[in-house]
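Labels A, B, C and D are assigned to the chains in the order they are written; within every chain, residues are numbered from 1.
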Amino acid sequence: MDRNGFFGNWGGAYIPEVLYQTFQELKEEYRRCRKDPEFWQDYLNLMSTYSCRPTPLTYAENLTHHFGGAKIYIKREDLNHTGAHKANNVMGQGLLVKRMGKKRVIAETGAGQHGMATATMAAKFGLDCTIYMGEEDVIRQRPNVFWMEKMGATVVTVKDGSRTLKDAINEAFRDWVTNVDNTHYVFGTACGPAPFPEMVSWFQSIIGIEAAEQIVRYHGKMPEKIYACVGGGSNAMGIFKRFLDETDVELVGVEAGGQGADSGAHAIRLSSPDATPGVAQGYKTMFLQNDDGQMKNTHSVAAGLDYVGVSPILSDLWEKKQVRFESATDDEVIQALDLTMKQEGIIPALESAHAFAGAFREVGQLSPDDAIIINQSGRGDKDIFTIAHAYADPSWKKFIIGRAQEYSK
Amino acid sequence: MLLEQQLRNKLQKKDILLMTHIVLGYPSFDVNRQVIRQMVENGVDCIEMQIPFSEPMADGPVILKANQDSLAAGTRVEDCIAFAAEMVSQHDIPFLFMSYYNILFKYGEEAFCKQAADVGIQGFIIPDLPPEMGTSFLALADKYELALILIYAPTSTDERMKELAGHGRGFIYCVARRGVTGKKSEFDQNFDNYLNRCRAATNLPLAVGFGIQSKEDIEALKGKADMAVIGSRTIKLVEKEGAAAVGPFIASLR
Amino acid sequence: MDRNGFFGNWGGAYIPEVLYQTFQELKEEYRRCRKDPEFWQDYLNLMSTYSCRPTPLTYAENLTHHFGGAKIYIKREDLNHTGAHKANNVMGQGLLVKRMGKKRVIAETGAGQHGMATATMAAKFGLDCTIYMGEEDVIRQRPNVFWMEKMGATVVTVKDGSRTLKDAINEAFRDWVTNVDNTHYVFGTACGPAPFPEMVSWFQSIIGIEAAEQIVRYHGKMPEKIYACVGGGSNAMGIFKRFLDETDVELVGVEAGGQGADSGAHAIRLSSPDATPGVAQGYKTMFLQNDDGQMKNTHSVAAGLDYVGVSPILSDLWEKKQVRFESATDDEVIQALDLTMKQEGIIPALESAHAFAGAFREVGQLSPDDAIIINQSGRGDKDIFTIAHAYADPSWKKFIIGRAQEYSK
Amino acid sequence: MLLEQQLRNKLQKKDILLMTHIVLGYPSFDVNRQVIRQMVENGVDCIEMQIPFSEPMADGPVILKANQDSLAAGTRVEDCIAFAAEMVSQHDIPFLFMSYYNILFKYGEEAFCKQAADVGIQGFIIPDLPPEMGTSFLALADKYELALILIYAPTSTDERMKELAGHGRGFIYCVARRGVTGKKSEFDQNFDNYLNRCRAATNLPLAVGFGIQSKEDIEALKGKADMAVIGSRTIKLVEKEGAAAVGPFIASLR
């Protein structure tokens, strides 16, 4: 990151003047933390006692035989407390907030995972907490909303714009400019104004640091390829970062293909021609926008990938061809999910299932002497309503209808 | 003549100037026309015309909704420029474009400056473009003699204000308080201290915006600021009582 | 365990003759595994790569200050793969099944956690899997049923008797006596005929082994007390076992008080006079039964504790006063759950919340120099329907009704 | 006279004996009465009366349901003993109690044996009480001259059969196949090998139960077994056609 927060042509901090000073302080504190080895140690202690880091690297023996190609290893971020990699970022920012002495945190959330993680961190650190969530996501991820509220957070339903992640982000910024003095905005992914992209990636980099050590221990050498789903880009950056200098390791980001690259109903920013450079939500990256610069509606079965922008760091790595980007459609994702559940007894989040789908397409062509790593960013439990829905599971429908009748009495 | 000079001339005759705000295409360009006419006829000194954006991060509910409805009605950037040309030709006050950076960025910084200059726009207000991010754009604005208005906030340090002053053109837009557009502001001691800091930091005229709603508010600003900015207030008025209500309201402010 | 499978006056193997031979083989294989250090090593490897053992021991700083007594540490079995301690037992038996060369597993389940764990193990080990679940529990724990099916298991709804755990067990035995040659019954708790109580406790003992090492590392000495909820007794035995010889550590089992000890609607076997010695489901223990020896209906908000019997090992420890037994009512449990979510950002399963409720009652009287451990046997996500219901959460109801309307179309 | 001797005497006159099964209190003691009368009058040699239990682990759907309905109707253990006394006094064939161990255990092993002996019961069938678990009960049964019938299964090894033979009294109940009561069994070569193993392991009479439904089944057992056991079949019959149908059915079996 250069002094203005750019990665190559991407990033920056396009923020209202009201926030300028806060960002100065945030950048300052962030720099201090990075210089302070104790901070990272505190972070590791927190993550190993409150969450269960290091998360395992699981050898997926059945899937490996199923495809007959490279050995498939799965990095198990789903085993984090709150069920996704989001905890890594949130707990790190929590430590930062304590150092800055702020008493309130706010956050946007798409899948609800980041909201869950933030509400959790707020409860643990005794901070007030408000979560902004697009109306459509509130519906898609109701259980997470319930838990956030039970942990003491206020969940605000955002009814503006497309009523998804990007609108939640705008609303969170509006809160922040209003309450900037006592409030920290816990940005949930490697996007937004500097220093968020780099800071979030730093906290998430624990994934790749562990994975590198684990794969060498189990497999004896570096993997051929690493797959991660890409919404904002935090789990991808988290596992990629450590491997950027390992030039023999191909890094593959899988975006949300929704109903298909040509359908217009997707969230493919880097692996389709639909996106163009733009500036919104405080940073410059490839956005899905029209010729006037108005953001388009995106679509994905996975709420957490349903976003118009992408990490400026990934746009830079994309431009420099250091990361390859692919996409997987909603249907491919459900199939990959199904196969993974039946073969391994593992339930990836719909977001994560994109990485699985991307890997399944290619792993068969690789040599059995090689290995790949799939980053399972989260667990699928949270998605039961979406998944049961996608399967149109009849007994599930019957069950819901029965419950509703009780409640309607 | 540059924007700053125009304002200084007006300030010869008035103890405080008035800038108003409209969202282009909301509720329609037709209504925009009527509203602007009423504003000019009732002595408004400067008008900022907001080109709608899908992500108006710094705007409150009223202007946010106006942005969305305008876009939903199909407003394009070209329409806004054409409309600006028409207004400039009809009314003899300075007009500014207010928008978010992506609109200009996507259009092309130079292309946009050139267009704006051609149709007689005097400057820009871009809440999400701090000078650090706008180096190239600042240069282009100067080249086309367009004023890029910079913003002060209560959270800006003296040092920061000085820095901004160095890049600012036309006037400084002093945000009256933390938060987004639309809510009422308190013009108390803190506020005065803030304005004093602003004044100390720059020689440019000072405009004060955010939450100015009444004659009292404007009275309170006299002697402290050079221009008062009326934003959401008139939009709400038009929504409730129609364009015709704008004239009397503006008149009532002085 | 003596050669007939007794612990003091409790236990044994009251099994139909058809199963005699299988039990001989099972006992034999179990003995071999216990003698074979490699087996335990394989087990540890599996649990540390497929699940995330060792699970953390979390210092609950806020709860500690809230009660102002001993330091509260939480053993995080909720972070296991599939979300509960059940995985420990199931994966261990899975390794055993592979050694015995059987191709099919069956299991009973109450909360659905054991069913989930078994379905998961079956998927991972490539075994056919049938899960028996009481009709009432199928309703209480629908999401788990959905996931079990998605992982390829057949879930059989048991409509006999009280339609809960004990009836699922009977039905599983009926399957077993029919398919004994190729099928292993993965018993889910430290009950049933020998060698299950001891074998399940052995696999679960990994909890206490880790906890002992962790508490000494963090706290510098052994804890004053350890709390665990008691359904069949496996998570309790799992954390207690290692501490049985530590005579200064008080072990406290918390049973399901349901609507109160005097209400008759509870599942208190050891801490109320309602239970008497009996023999059912293949073993001798304290059962909730009438004078004729007919089993009573039990009640608990927590499906996993809603059971008439209890581990014979615990009955023995109870008789010998080595473990103290308490109970917590449904209401106390919901309160404890609420407090834990808000204070620590941790969501215990309803079963586990019994242990929290039991500990909260007493911890205030202990010295701040001392520590207690609460065994969080599982996570509460699975209970969203029950918990949202218990809170009578209006937006949840609205959401369910909305979904139902979609499905009714 | 001990049960074994009684059966041997009967075997002087018949080439195979017939044991039937009823669940006490299902559908009612009244119907039990009629059914038992019909059984005796049609030449049944021995009847096992099942005291219902809430957890009949070894029983299939038919008998399971009978157990539950009987209990739901309020059947108590005392009622069963009283009814047994009545039957013994009225019918001159051996009666056995079949139940699960908890019923006896809860009643008190000795108290139960004493009661059973007093009312003239000849023995017990307890599917969940292998001899290892029943040491004290075996002793008591002998003391009160009650036969604790032990069970062979196809899965029993020769060694195990010998061991059981040592503890068994009255006769050995050979379970025809794996599984629970009620389903049809195949009387094939495997079955014959199994029966040969049983015969080789003990001198006690052999009864064969589980899934015997017809004259053919019983014919197939002649010369191989000493007694055929009819279980669920009659219960289903009574459910469908009432008690009166039992007589003709039993008659049709020989």
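Heads up, the rule we're going with is that a residue touches a chain if its C-beta (ideal position, glycine included) is under 8 Å from a C-beta of that chain, and two chains touch if they have at least 3 such contacts.
Since the model is a prediction, treat every value here as computed from it, not as a measurement.
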- Item | Contact-graph distance - origin subunit B, target subunit D | 3
- Message: Centroid of subunit A to centroid of subunit B, CA atoms only: how many Å?
- Response: 38
- If you average the CA atoms of subunit A and of subunit D, how far apart do the two points sit, in angstrom? 66
- Tell me, which residues of subunit D touch at least two other chains? none
- Among line, ring, star, complete and other, which one matches the pattern of chain touches? line
- Note on the structure: So the touching chain pairs work out to A-B, A-C, C-D
- Note on the structure: Per the touch rule, the subunit B residues reaching subunit A in their complex are 53-60, 64-65, 68, 71, 76-77, 100-103, 105-107, 127-130, 132-133, 150-157, 160, 164, 175, 178-180
- Note on the structure: In their shared complex, subunit A is touched by residues of subunit C numbered 48-52, 55-59, 62, 76, 79, 81, 83, 119-124, 126, 139, 142-143, 145-147, 150-152, 218, 338, 341-347, 381-382, 384-385, 387-388, 391, 393, 395-397, 399-405, 407-408
- Note on the structure: Seen from subunit A, its contact residues with subunit B in the complex are 4, 12-22, 160-161, 166, 170, 173-174, 177-181, 276-282, 287, 289, 291-295
